[in-house]
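Next come two complexes, and both contain chain A; in the first it sits with chain B, in the second with chain C.
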Partner chain A sequence: MHRSTAISLNVLAVAALGLFLWWAEGALDGYKIQILNLIAVNIILALSLNLIYGFTGLFSLGHAGFMAIGAYVCSILILSPAQKEMLFILGEALPLVQEAHAPFLVAVAAGGLAAALAGLLVGLPLLKLGDDYLGIATLGFAEIVRVIANNIPRVTNGALGFKGIPDYANLWWNYGWCVFTLFVVVRLLSSNTGNVFKAIRDDEIAAKAMGVNVFRHKLLSFTIGSFFAGVGGALLASLLTTIDPKMFLFTLTFNVLMIVVTGGLGSITGSVLAGVGITVLLEWLRFVENPVSLGGFELPGIPGMRMVIFSLALICIILFRREGLMGMREITWSGLGGLFARKGGR
Partner chain B sequence: MTRDGIILEARGLTMRFGGLTAVKEFSAAFPRGSICGLIGPNGAGKTTCFNMITGFYRPTEGQVFLNGGPISGRPPYEVCRAGVARTFQNIRLFGNETVLQNVLIGGHLRQKTGWLAAVLCLPAHFREERAMRERAMELLDAVGLAHLAGEQASALPYGAQRRLEIARALATRPSFLLLDEPAAGMNPQETQELMQFIRNIREGFGLTVLLIEHDMKLVMNICEQIWVLDYGETIAQGEPAAIQSDPRVIEAYLGEECADA
Partner chain C sequence: MNSAMFIQHLLNSLTLGSLYALIAIGYTMVYGILRLINFAHSEIFMLGAYFVFWGVTLFSLPWPLAMLLSVVFTAGLGILVDRVAYRPLRDAPRISALISAIGVSFFLQNVAIVFFQAIPRAVYRPAWLENPIILGEVRLLPLTLFVPALSLLLMLGLVYVVYRTKTGLGMRAISKDIETSYLMGVPVNRIIAITFGIGSALAAASGIMWALRYPQLQPIMGGIPGFKAFIAAVFGGIGSIQGAVIGGLVLGFIEIMTVAFFPDLAGYRDAFAFILLIAILLYKPTGLLGARQEDKV
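Let's look at the complex of A and B:
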């Protein structure tokens, strides 16, 4: 398909998304809008992890850590000084934390940049490690971030966390960042730099022999991925209006990992589809946690049941369809066009 | 021969793994524009020599010079940038990528516009990537794979994978090309074609070629200079005719009794 056709189709798709959001804002209730918001954030997080793990082959389990950094930096910047004075009851906030204030766009970007900086610093020593060791080390990193957040009350308000974070993250902000993430990731992966990332994933030794500075490219992918993880965390903080260190446990990384694996490691459209599907399913499955009556029997609701179901689903995916929904394939405009042309021809 | 005629020189390369000496004092000077061979029984240390020359191993002792400048001790990507490319004994393609993408990855180290230019959609980036794709297609044309450009690399037949690996190495614009058993698993007909192909790329790309090969017919036919390794030591060096009649080489390959007979 011609490039300009694809570009105009992309513009049309974004316009359609805009129209849908405009409609949704007026027509849907708050709960449904919240789900739409979560979808956007989850897509951002899934894309960032897919870039690191699915496309560059770096088994990273540190996503919750980067999200925490993004969330805290953004929250500190958008909470007003007056709010912060009320919040910090464990100890007065450091002057820098107390005074810092920025508009939402800057705050989210700062959250992303702080996470990217952390990714760069952590990546320097850790990315020399091979597959499983990298997973363990990044897992440790995320835990360290959480423990630090717990123990510097004058910056993070300790275990109490922040409440009443301004809820700036509406549909427009979330989907704006989501489209921006998608744009950057697609541009990156369709360029030759993306080819190099995939080369490192497929065969690191061959990549070295082809003149690829493997470490530098791993660091690049990891840092960009960390940036968007930070952005996702920042948006999540404003969306939920409350954060504390307990929120950034391994389960948060696991949720993102589940979306990426379900969608397909190495598929952008897979991550988007799974981001939508799993977010909706996670909400819909809430009914299993409520008491249900089955033919006269009253079954008590079990909290956490839907995570059990999802873990089982993930096991089934790994057993029976390891490549996920999409494998490494993508849905493209020309692919869709071909599909319709074939149907029309018959 | 004058020093100017030497493109790559190995001086006293020694590689020890713990107590084992895999290669001992390997010295060789490869004349510019020649096709040279490195032969020897299994485990003689041929691939270890390749790994030392291309920077995958840091030699325990000795140095490698490319055009008179030292390259040993530098990481593989810098050695490749300096103009030394290689293929692998067991083919190492980027299996999930297309044939064209494999060649593009080879061209990456000569690329000027980086990831930021790609994200910012700079015109210079699009121009350069288009030029790279054209050059990659030319390379694929030269190795006879242009019609398979869109195929997944792992789906290619064996012989085509070998040629693609060479095309990918050529995309890095090397002046010195190392081929590790290029004819492995090929039938006589394919080997014949490969011989012609190696001669063609030497002419077409102004290369010096060093190859490891077990197919003696190919080695004796195509190589101008041959080095013979056995248990890590260089036991002979010279032109094919001299190598063929060297008693030490015959001994290494066939055993002592045959050499006496």
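Let's look at the complex of A and C:
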């Protein structure tokens, strides 16, 4: 397929998405719109983890930490000084925190940049570690972020967190960032740098022998991934309008990991599809935790059942279909075209 | 701080340290053999504690019997986890087994939430553990002596199994080279199952004593102690049982003494363990007593 055709098809797809969002904004109720928003945020998070883990082979479990940094930085920037004066009851906010204010776009970008900076600083020492040790160390980093957030009340309002964060993150912002993330990740991975990432994932020693600066590329991938994790966290903060340190437990990383593994490690379209599927499934599974009446009988909801099913699903995927939905394959325009062409030919 | 208080802190850190050490042994044994961080271990610890109090309150079993049954059940559960979630992945990339372990950990934790509910439950202690022992100025709960003593006994038993029995020989052989052991006729899967059983039994013992020492039960109680025990295992040199014990004791000591001497830093106590972990991984990844692992090309 010609490059220009693919580009115009991409433009068409974005236009179709825009049209759908415009329709959804008017036609769907608040709950459904919230789910659509969560889908966009989850896709951003899944793409960023897939870049780090699926494409570069760095097993990172620190996503919740980067999200927390993005969320806190963004919230501090979009909360108005008056709101902050009300919020900080454990101790007066530091002057810098009190005064800082920025428009939403800048705030989200700043959240992402802060997370990227953290990713860079953490990556410098940690990326020397391999495999599961890297996982444990990044998990440790995420826990440290959470403990610190709990203990600096003049910046984060301690365990109470923030309430009443302005809900700027509507469909347009979320999907705008989502498309931007998709664009950056796709462009990056189809570039030479992307090939180096994949080479490191497939065989680090061979890549090194070919003269690749393995460490620098690992650091690049980790930093970019952290940036988008921060963006995801920032959008999530504005979407949920309340954050506190408890929100950024390991469960959050687990959810993102689940999406990436389900979609297929090393598949962008897989992450997008699984991002949609898992988000919807997670919402749909809420029914097992709510009381339901079946033929006059009132069945009590079972708290915790949702995560039981969810974790069982992850184990089953790893045991029976390790490559996930898509493996390392992608759905491409030419692939779709081929599908129709073959059908037409028969 | 007077000497009586110091002794008190010292004994407390010995108690906490031996609890960490018992959990750390399970991590280190499994890692030594399979190179797998068994995330589900902290949930095994939690369930061990729940089973006892279930047995005592629901079935009115006497304490010692409930403890014994709980340890047996938990050992069985550990073996089951290995059979279902890890054994099919022996030939898969190591990270697959790790993701499976994370899945099992979440699964067990949420099953506990479903069955036992998320609210913390108070644990009432049997009377023979309540009356303090008074030695001069030092007041001690019997547990402060009971826990290290029992832990020592369990560890001696373990050392006997590992260094004096055929099963132990098999464990040591597998941890050196799993393929060759298999070819030499070592029943690899059975030995691994036994390893999981022993590790889980020790975790259950630790969980029970933990719940008696800090009398509260909740489904997420395994997370932090489990993690710290893992850190202890890494500190001592993962794969080494002696290392796990030393690591556990050192971590317990650091934790109690930091809070005792610098009360201001108490809020950061969980962060210290992780900072320690990252520092060890960076500067001495093999820990105190660990063997060097070379990357094979």
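The rule is short, and it goes like this: the second predicted complex is superposed on the first by the 338 of 346 C-alpha atoms of A that agree within 3 Å, B and C clash if a C-alpha of one lies under 4 Å from a C-alpha of the other, contacts with A are read in each partner's own complex, and residues count from 1 in each chain.
The working rule: a contact is a pair of C-beta atoms (placed from the backbone, for glycine too) under 8 Å apart; a residue touches a chain by one contact, two chains touch by 3 or more.
The structure displayed is predicted, hence computed values, not measured ones.
Peer 1: Between chain B (first) and chain C (second), which, if any, makes contact with A:240: first, second, both or neither?
Peer 2: neither
Peer 1: Quick one: is A:305 in contact with chain B, with chain C, with both, or with neither? Answer first, second, both or neither.
Peer 2: second
Peer 1: If we overlay the two complexes on their shared chain A, which of chain B and chain C does A:195 touch? Say first, second, both or neither.
Peer 2: first
Peer 1: Between chain B and chain C, whom does A:261 touch in the aligned arrangement: first, second, both, or neither?
Peer 2: In the superposed model, A:261 contacts chain C only, not chain B.
Peer 1: Touch test for A:314: chain B only (first), chain C only (second), both, or neither?
Peer 2: second
Peer 1: Could you figure out whether chain B or chain C reaches more residues of chain A?
Peer 2: More residues of chain A are touched by C.
Peer 1: Considering only the touch criterion stated at the top, classify A:205 as touching first (chain B), second (chain C), both, or neither.
Peer 2: It touches chain B and chain C both.
Peer 1: With the two complexes superposed on chain A, say which partner A:220 touches: chain B (first), chain C (second), both, or neither.
Peer 2: Only chain B is touched by A:220; chain C is not.
Peer 1: Check the residue A:141 against both partner chains and state whether it touches chain B (first), chain C (second), both, or neither.
Peer 2: It touches chain C, and chain B stays clear.
Peer 1: Do chain B and chain C touch any of the same residues on chain A, and if so, which?
Peer 2: Dual-contact residues (chain A): 205.
Peer 1: For chain C, which residues are in contact with chain A within the complex?
Peer 2: 35-37, 85, 88-89, 92, 94-96, 98-100, 102-104, 106-107, 109-114, 117-118, 219, 223, 227, 230, 234, 267-268, 270-271, 274-275, 277-278, 281-282, 285, 295, 297
Peer 1: In the complex of these two chains, what residues of chain B are touching chain A?
Peer 2: It is residues 54, 56, 75-77, 80-81, 85-86, 88, 92-97, 101, 104-109, 111, 114-115, 118-119, 121, 125, 129, 132, 168-169, 171-172 of chain B that touch chain A.
Peer 1: Chain B touches which residues of chain A in the complex?
Peer 2: Residues 184, 187-188, 190-193, 195-196, 198-199, 201-203, 205-214, 220, 266, 328 of chain A touch chain B in their complex.
Peer 1: Show which residues of chain A lie in contact with chain C when the two form their complex.
Peer 2: On the chain A side, the touching residues are 59, 125-126, 128-133, 135-137, 140-141, 143-144, 147-148, 150-151, 205, 250-251, 254, 257, 261, 302-305, 307-308, 310-312, 314-315, 318-319, 322.
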